[in-house]
Each structure stands twice: as C-alpha cells, then as structure tokens.
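You will see chain A twice below: alongside chain B first, and alongside chain C after that.
This part shows the complex of A and B:
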C-alpha cells in the first residue's frame, strides 16, 4: 500500500517536468523532423512531403560545407582556448585567498554583459580600423597595417569566435574553481607530503577529482558550438562572402529570408544530430565510469 | 504542518508568477491607447500596427501625425502602434501562427505575395474602389502591390536608389554636379587621388546592404529593360549585359568607389557623416539617406545642399529611378476590424499626412501619391525641401515610365538572397558568370514556388 502511494507521489512529482518536456521539447522536435521532410514555407496551410530532398540539397550546398567547417573550427577553439584559460585562472584563484571573490566578480563581467553590448564593443571599438583599437595601432605607424579581422577569409570565423570566447571563459573558470575546491584535502596533503610538484598535484590529484565536471562542460561546449548564432548574427550575419557562415545563420536565412522552413528544419536536425552524438558519448562514458 | 503551509504558499506564488508570465505579451513599446474601453479611447475599436524601433524624433513624428492624427480624425477606431526592434521576424512568426497585428508592416511587395497567395492578407480591391486608391497612387506602384491582379498592400515611401552629394563639397574640390556616368567615375578617381573616399556605402551592420550596389549598377549598366526581362523570365540572368554589370560592380569594389574595405567598417549613418564633413563626394544609398543624414547632422545647415540623383546610365542618358518601397502595409486576414484597418491605410494615402511626416522625418514617408504634383517644395525647409523635391522628380520619372527595379522590392525571395552573394565576386570566390548562374538557379526555384508579383514594364 505504502509502495503504491510512493509510486503515485513519484509520478505526480515527475509530471510537471514531463509535461514541460513533452510540450516544449518532444512535440516541437518531432514537428521539426517532420517539417524537414516537407517543402513547408512557414505559413502555408499545406506541407508537401518531399522525402529526403531537403537533406540531399543541403549536402550539395557549398555554403552548408562552409558552415559545417566553421562550426567544427568553433568547437575546436572552444574546447581549447577558454578551457585552458578558464582552468589556468581557476588554479591561480584557488591559491589566492585574498581578493579571490573580487577577482571572480571582475572576471565575470564579460559573461554578464548582453551579447549585443559585447558585439558592439568589439565591432566598433576593438576591430574597427576606421575608429577603434586597430585604427589607433595603424596610426602609430609601426609598420602594421591591420584590417578588420571580421572580413578576413581565414580569420573571420576565429575573430567572431574570439568575441564569444572572451564572453564565455569566465563562466568555465567559475565552474572549474568550484569543482577544484571540492578536492579532498587529505589527498592533497598526502601528495604534498610525498613531495608532489604542482603539475603532479594537478594531473594526479585535482584533475581526477574534477574529471566529471570537465567532461560535462566539454560535452556542453560541443553542443553549444553547433548552436552558435548570437555573435555571428550580431557581428557579420555570416558574411562577407559566407566566410563566417555557421549552421544556425544558414537555418535563419532559410527560414526568414527564403521562407523555406523545410530546409531550415533540415539544417536544425543536422545541428541537433551533432549535439545528440555528443550527449550519447557523454552518457556512455558516465555509464562506463559507474560500472568501473 | 507549518512547513507544508509554506510549501503551499510557495507553490501558489510560483504558479501565479508563471501564469503572470504567460499573460504578458509582446516585446515592444506601444503608442496609442490600448483597449476598447480605455479612458481616452472611449468605445473605439482598437487597430494594431507593429512597426520597427524608431529613434526619438521619428517616434515623435509617428505619434503626432499617424497615431494621434488618425485617432483624432474619426471616432470609431483607435490606432495603436507597437515599436519592435525585431518586427520582421516577429511578424513572420506571428503570421505563421495565424496571429499578428491588424495592419501588417512588410518589407515590400515581394514579401506580400507569398502571404497573399495563402490567404493571410485581406484582398483590398473593394477598399481601393471605395476610397479611390487607384487614382491616388502612382500607377507603377499600384500595379506592384497587386498579386494575381488584386491589391493586397499599399506601398510605403518610394526609396529610389542612387547617389547623394553635397553641392558645397563638389564646389570646394572644383567639381560640378555630374551629368554622365563618366563624370561620376572621374570625380571618384580624383577624390581617391586626393586622399578622400571616392564614394561610400556602409554595410557594417547589415550584409543585405549588398543589394544597393546590385540595384544601382544593374540599373545603370544593364538597364531597366534587361532587368525587366530577367524578372519576368524573358531572358536569363547570366547574359552579356548582366555579366557586364556584375563586372562593373567588381571594378567599383576593387577601385574603392564604395569605400574599399571600409564598405564593411562603416554603417549608413557613418558614411553620411563623412559625406557631410566633406570626406567623400558621393554616398550611394536609397532615399532613406535623407534620414541618415538628419540622424548625424550636427547643424541643420549641413543638410541644406544635400542632394540626390539616380546614377546616370553607363551608355549615356539619365539614370532611371528604382521602383522600390521602403515597406508595405497590408491587412491581416485575422483582423477583427478590416474596415478600421482600411481607414488607417486610407489616412496614410493622403498628401497632407505625407507632407507632415516628411517635414519632421525626411526620407521615409514619401508615399508614391499622384497628388505630389500639387505640392510646392517651398512649403518645406532644409533637408525636407530637398527630399520633397527628390520625391517630386521621382514621381515625374515614374509617370514617364523611366524606372527600374530595386532588388529588395522586386526580386522574389530566392533571387534576392542570391543577389546578396555579390560579395563572393568581390572576394574572388565566384566569377560574374557563376554568380549570375546562381541567380538563374534561384529564380527557377522562385518560379517553381509560384511568383505572383505584378511588375510594371518601363518605357
């Protein structure tokens, strides 16, 4: 009797989350997959089934390949630079008791700035060779003739990603710091008594203890990398010449400029596919660890 | 027990907050009195319109001459304008959910046709008949706003594309107002040699600014007839004349006639600031340039000699004005009071409204009305006078059939998107032929989707 009541209570408690998940995740998700198999324009009452035509067209589109490559570059950059900087700063703060909270707050400022503000700062003050920092450097006449990196074929996407990394790294730092502070003191003291150097402490004591956190954040970075949109749209809208195109801007253009929701849905499904792969990898790794 | 009570209270508070969140709607600021039982609105029926986020002086003009002007002109309807910075996307999303405002602000006739075909906009033929709109609008614009022969929108301001110049800047540098295409090129070359910008276009904030040089140079080099043939399926885009036009655009970009690399580093306001300060002889832009100049002028006197002209034809002769509307206004098929919405549209199609708005906000409200013929530019001062004169000469050119087609207004969706890729030619990613083949492919896709835009033919 008591077990039955408990089960009902569990179901009752799960119900709100379940209803929300089904209504705002599952149903729109299924609708998106269905739309990707149609020629829906976004407002017509009719949707014609076109099979995999949108996917075939998408994989033949050269701008899709540029966008995919840019998303992969984005992911690689985010899995390295902000992770290394965030971890490094977290370690420095870990050993700096005095002023740690103030420094954390200062470092967090870029993270709490609205993306539009951050984009404006970089577009008009940092990257702009007619009035910004680059202009100032060029005016020094030290042999540098810097142009706007956002319009550069090779570095355009890196310049956009740099803005997002500037905004994002402190978030990683805060999470890493919180995780590092949970490292058991007895393990640290034992390692120190054994004469462990700082790199040995990090790789053999700290890192194993925060491995789960690092993994989770890395998986989240992979997922977010394929959803990147804000800064690209604010800084370049995917241009010039599609140099900074990413999957999300491609989907946005299909949906709102070309009124092709079928194609936009197909792009969204591809984007979600990468997130799904990352999630599966994470779950499998977690399960393996639990088994061990 | 006490804990349980607190839990109930917290749950109730959370639910209230959630429901409260559901009740809030919209993301913009509103002008006009809301609701039918509002104190100042009385028993009036509300008519809603979503508009883009304007600057202060623009909003003041909107409130005074559109919102208050309409609301005081009759006692049945109350116009309410909501200013949204993301109006284009908001409207697209709302319409797909069979919602949205009563009066739909659109980006142009090409935007209207798809929605009209799906029955999302009210057929305005009866209202046009009742109010006599066909006689009040310039014929080319009336035709442009029809879909399959029926009217589904009214046009916003004419936004001819061409070059802006300041007579004083030309004079100071020993140049006269250009009369031919070659004059323009000569002045730009000399300006560059003098360390000035040859000409300017600012695409920093909006990659779709690429449609300006596309419109201006396709008109000047390929000509209105060629564009008409391309847009009506009479000939392929990938033709000799169009290749010449795209090659010319590339020459312009490489020679710095559009600001060189600063094409991407400046926005429209900044380019006009440089023009006003004498840093360039020309800015290339649609007629909205008057409002950008007003935005950045530090002194009204800076604007007194700001003039506009279409780019002369490359093979000689005057330039053609571009058939282009800053926006369109349609009536949502979900509108509960289409008669009231039509009354608002009728109010806008009034020369007094156009004059009042243009006096305060030059560059955005020159609706293509036949009554412009009776307007005296002497009634206006400063930049508004120049704007009104430009509108009047534009109307004359339209009546004579000397017009071409602006990309944003007349190109169907996929063709328009393909034309924006002109920067791939500038950056050496595509040849002119490949770019135009892309436009042919996009146009074929638009034809498959069913183009129903009515394009008037130039003389």
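This part shows the complex of A and C:
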C-alpha cells in the first residue's frame, strides 16, 4: 500500500517532463515514420498508403545523392579539423594554469553566438565579394581574384562548413580538456620517470585515458553531421542549383515548398537512421570494451 | 634548454593564432558597426574615423528590434521556466529514487537527446496549424523546452545523485512531506545544477533558429533573430554598417550573460560528456 503510494508520487513527479517530451517528440516522431509510407501533402485529409515508394523515389533522386555526398563531406571535415584543433588546443591549455581560464573563455565566445548572427557576419563582412573582406583583398591587386565561395559549386559546402567549424571547435576543446585533466597523476609520474617524450606521453597515457570521451564525441559528430541544417539554410539555402543541399534542407524544402510531406518524412527517417547506426556502433564498441 | 624555449614560443604562436581566428570576425563587427557603408567598402579593416552612430538606430528600426527583443525575452524566460519546472522533479526521482521502470524512462530521455528535429517537425507543424497556433510564441516555447528537456533531466539527475541520502532520511524522520523535502533539503544542495540548466537553456532558446523560423510567422511574432534575418533579406539591405550594428546589438547581451556565468556554462557542457 505504502510503496504503491510512493510509486504514484514518483510517476506524478516524472509526468511533466514525460508529457512534454512525448507530445512534442515521440508522437510526432511516430507520425513521421508513418507519413513516410504515404503520399500525404501535409494539410489535406487525403492520405494514401504507398509503401516504400517514397524511399525508392528518393534513392533515385539526383538531389538526394548531392545532399548525401555533402553530408559525408561535412562529416569528414568535422571529424578531422575541429578534432585536431580542439585536441591540440586542449593539450596546449592543459599545463597553462594561469592563462587557461581566460583563453578557454575567449575560445568559447564563437560557440555561444547565435547561428543566425554568425552566419550573417560571415556572409556579409567576410564572404561578400562586393563589399566584404574578399572585395578588399581583390582591390589590393595582388593577383588574387576571389569570388564568393558560397556560390562556388565545388567548394560552397566547405565554405558553409567552415563557418560552423569556427563556431563549433571550442566545444570539443572544452570537453577534451576536462577529460585530459582527469588523467591519473601516478600514471603521468611513472611515464615521466621512464623519460617519455611528449608524443609518447600523449599516445600511451593521455589518449588511452580519454578514449571513451573521444569516441563519444566522434559518434556525436557523426550523428550531427547528418542533421546539419542551420548554417546551410542561412548561408546558401542549398543553392546555387542545389549544389550545397544537405539532407535536412532537402527535407525542409520538400515539406514546406513542395508540400510533399511523405517525401520529407522519408528523408527525415533516413537522416535519423544514420544517427541510429552511429549510436548502435558506439554501444557495441563500449560493450565489447567492458567485456575485455 | 634552447629547444625548450623555441618550443614554448611555438606554442604561444599557435595559441595566438587561434585567438586571432576566434576574435577576428568579431573585431570586424565591432569596428564596422560605427562606419558608413562607403567607408566599409573602402577598407573593412580600418578603425572608424568619424563614429557613425546612425547605424544602430537604422538597424533597430529596420529589424523591428523593439518587438524582437521583447519576444526573444518572453520566449527565453517561458522556455527556461518550463524546462526547470519539468526537469527538476524528474531529475529528483531519477537521481535519488529506485523503482521499476526507471531504467526505461532514463533510456527514453537518452534517446530523445539524439533525435533530429526533422523527425518530429513536420507533423508538429501540421498539428499546430490545425489548432491555429502558428505564430503563437508559447507553443514555440513548449517545443523548444521539449528539445532542451532530455539534457536538462539528465543533468539534474547527476546533481541529485550528489545529495547525501542521510540528509533526506533525517528530514523524513522529522515528518517532512515530499514537497517540504524538495524545498528545504534537496533544492539547496542542487542549486548549482539549477543554475547550469538555466544557463544552457537560456542560451539555447535565445539563439534558436529552426523552430522559430518555422513556427513564428508574422512580423509581430518575430524574435530578434528573425528580425535580424529580415533586415539581412529585403532590398534596402546592402548597408553593411547597419548589419554590423544590428549584429553587435544582439551579440552584446549574450556576451555579458556568458561572461558572467561562464563557469556554469562550462560545467553544463562537460557534465554529460566526461565520466568522473
């Protein structure tokens, strides 16, 4: 009697969070999976079951291939540049007790700025070829003729990713730094007594200790790479001629410009699928590690 | 000894370079916010000679920053309140109690953390438009709160796990009920958690783009971010000085807030990802 009363109280305390999350995330999420199997346009009452037709059409779509390629480029860029820079800076700050806090604060400033503002700053004052920094460099007449990188078919997506990486790298640095600082002192002492060089110290003492964190963040990067939306939509809206399209912008335009909610849902499910695969790999890896 | 000195100099060059990378775009915003468009076209790197204040008034008017700031503050405050009201009791139960089914709730919130917005965005739009809630700022607060909840719950949970169980038991023996317990025993111990969750939620909702741009249609419902975007769109908007002034006005409050509470922000970022 008493325990059941207690349990009721616990459920009551969990209820606000669960109700909000279930009504905003879970139920519409299930609706999306269901909609991806229909030809629903998003507002009419008509909704026919079409099986996997949306997926079949999607996998043959040229823009889907461009988008997928761009998401993969995005992932490769984010798994290398911010990871290397973030780790490097974390190591450089590790032994600097005095400057650490202030440098950490400076590096974090880009991370706390709104995507809207960051994107508009880069678009206007840096990338703009008629009145921005690029224009100024071109006017110097030093033999450079830079055009707007955002309208470049080949490198547009990299120009967009660069803005997001400028915003994002310090997040990795903060987490790496926090993890590095938890390396057991006795291991470090022992390695130093053996006369280990810094690279040896890093690969044999630090890295094994923070392996878990590095993996977790890498999986996170993979998941988020397939969800990238804000900077692409703000800087290029997938243009020119869909060359910077990513899955998220493709889904967005399918839903709101083409009123093809079935297709938009199918793209969303595919996006989530990549995240799910990444999560499963991560759980597998950690479980194997625990068994060993 | 000499190689050590060279290595030290090299290290500072690397650090200095990254400081430059982080600050340079902001430097451009600050100096150009006080220049005319013509002066910026001539040289975007130079310091302003005559301070041109007019940019700020122009940006404020063109981007409707008056209503924008009011809406952004409303959105941020309401969202943060919803997140706190829902995450504190949930974190309390998950962090301090044991009962059947608890694990499932935990797994649910962990999974909800990695779900992409696009997976629930479109049916949500259809539902809200049927209910006539497009443009309703409180509906948007509710959605943004739901997106911030999983992390908030998991963070609150780790803070509640730090509350010593004896403290709660002795209060229980004194005849305190659950509400009194929360108020007088538990909340004081988890206050840093409350601040951390608030700081993260405030920044996330202030900076939010995807949900607001989708649901907050109609200029009178725009947050300051959407107002600033409108200022960057349209035809009158080649004016770089005005854009930089607008950016500076939005960045200012965020920077003050961040610099004042940065330790809590860092705690919030590292808490979930680093095992202690």
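Following the convention adopted for this analysis, the second predicted complex is superposed on the first by the 266 of 292 C-alpha atoms of A that agree within 3 Å, B and C clash if a C-alpha of one lies under 4 Å from a C-alpha of the other, contacts with A are read in each partner's own complex, and residues count from 1 in each chain.
Heads up, the rule we're going with is that a residue touches a chain if its C-beta (ideal position, glycine included) is under 8 Å from a C-beta of that chain, and two chains touch if they have at least 3 such contacts.
All of these numbers come straight from a predicted model, not from anything done at the bench.
**Q** Could you tell me whether chain B and chain C fit or clash when both sit on chain A in the superposition?
**A** Superposition check on chain A flags a clash between chain B and chain C.
**Q** So, A:18: does it touch chain B (first), chain C (second), both, or neither?
**A** Touch status of A:18: second partner only.
**Q** May I ask you to decide whether A:73 touches chain B, chain C, both, or neither, giving the answer as first, second, both or neither?
**A** A:73 contacts neither chain B nor chain C.
**Q** Quick check for you: in the superposed arrangement, does A:53 touch first (chain B), second (chain C), both or neither?
**A** A:53: touches no partner chain.
**Q** Contact-wise, after the overlay, does A:237 reach chain B, chain C, both or neither (first, second, both, neither)?
**A** Touch partner of A:237: chain B, not chain C.
**Q** Have a look at where A:272 lands relative to chain B and chain C in the superposition and call it first, second, both or neither.
**A** second
**Q** If you stack the two complexes on chain A, which partner ends up touching A:43: first (chain B), second (chain C), both, or neither?
**A** Touch partners of A:43: chain B and chain C.
**Q** If you count the residues of chain A that each partner touches, which comes out higher, chain B or chain C?
**A** The larger set of chain A residues in touch belongs to C.
**Q** When the complexes are fitted on the C-alpha atoms of A, one of 91-99, 145-153 or 217-225 in chain C overlaps chain B. Which is it?
**A** 217-225
**Q** Which chain A residues are contacted by chain C in one complex and by chain B in the other?
**A** 42-43, 123, 128, 130, 255-256
**Q** Mind pulling up the chain C residues that touch chain A in the complex?
**A** 11, 14-15, 18-19, 21-23, 25-26, 28-29, 32, 37, 40-41, 43-45, 82, 85-87, 89-90, 92-94, 97, 99, 105, 108-109, 112, 114-127, 129, 142-143, 145-147, 149-150, 153, 178, 203, 206-207, 209-210, 214, 225-226, 228-229, 232, 238, 240, 243-244, 247, 250-251, 254-255, 258-259, 262, 265-266, 269-270, 273-276
**Q** Of all residues in chain A, which touch chain C in the complex?
**A** Those in contact with chain C are residues 6-7, 9-10, 13-14, 16-18, 20-21, 23-29, 31-32, 35, 42-43, 85, 88-89, 92-93, 99, 103-110, 112-118, 120-126, 128, 130-133, 135-136, 166, 170-171, 174-175, 178-179, 182, 212-213, 216-217, 223, 226-227, 229-230, 233-234, 248, 251-252, 255-256, 261, 264-265, 267-269, 271-272, 275, 279.
**Q** Using the touch definition up top, name the residues of chain B that touch chain A in the complex.
**A** Listed in rising order, the residues are 88-89, 92, 95-96, 114-115, 118, 120, 204, 206-208, 261-262, 264-266, 270, 413-414, 416-417, 421, 423-424, 426-427, 429, 449.
**Q** Where on chain A does chain B make contact in their complex?
**A** 41-45, 123, 128-130, 147-148, 150-151, 153, 236-243, 253, 255-259
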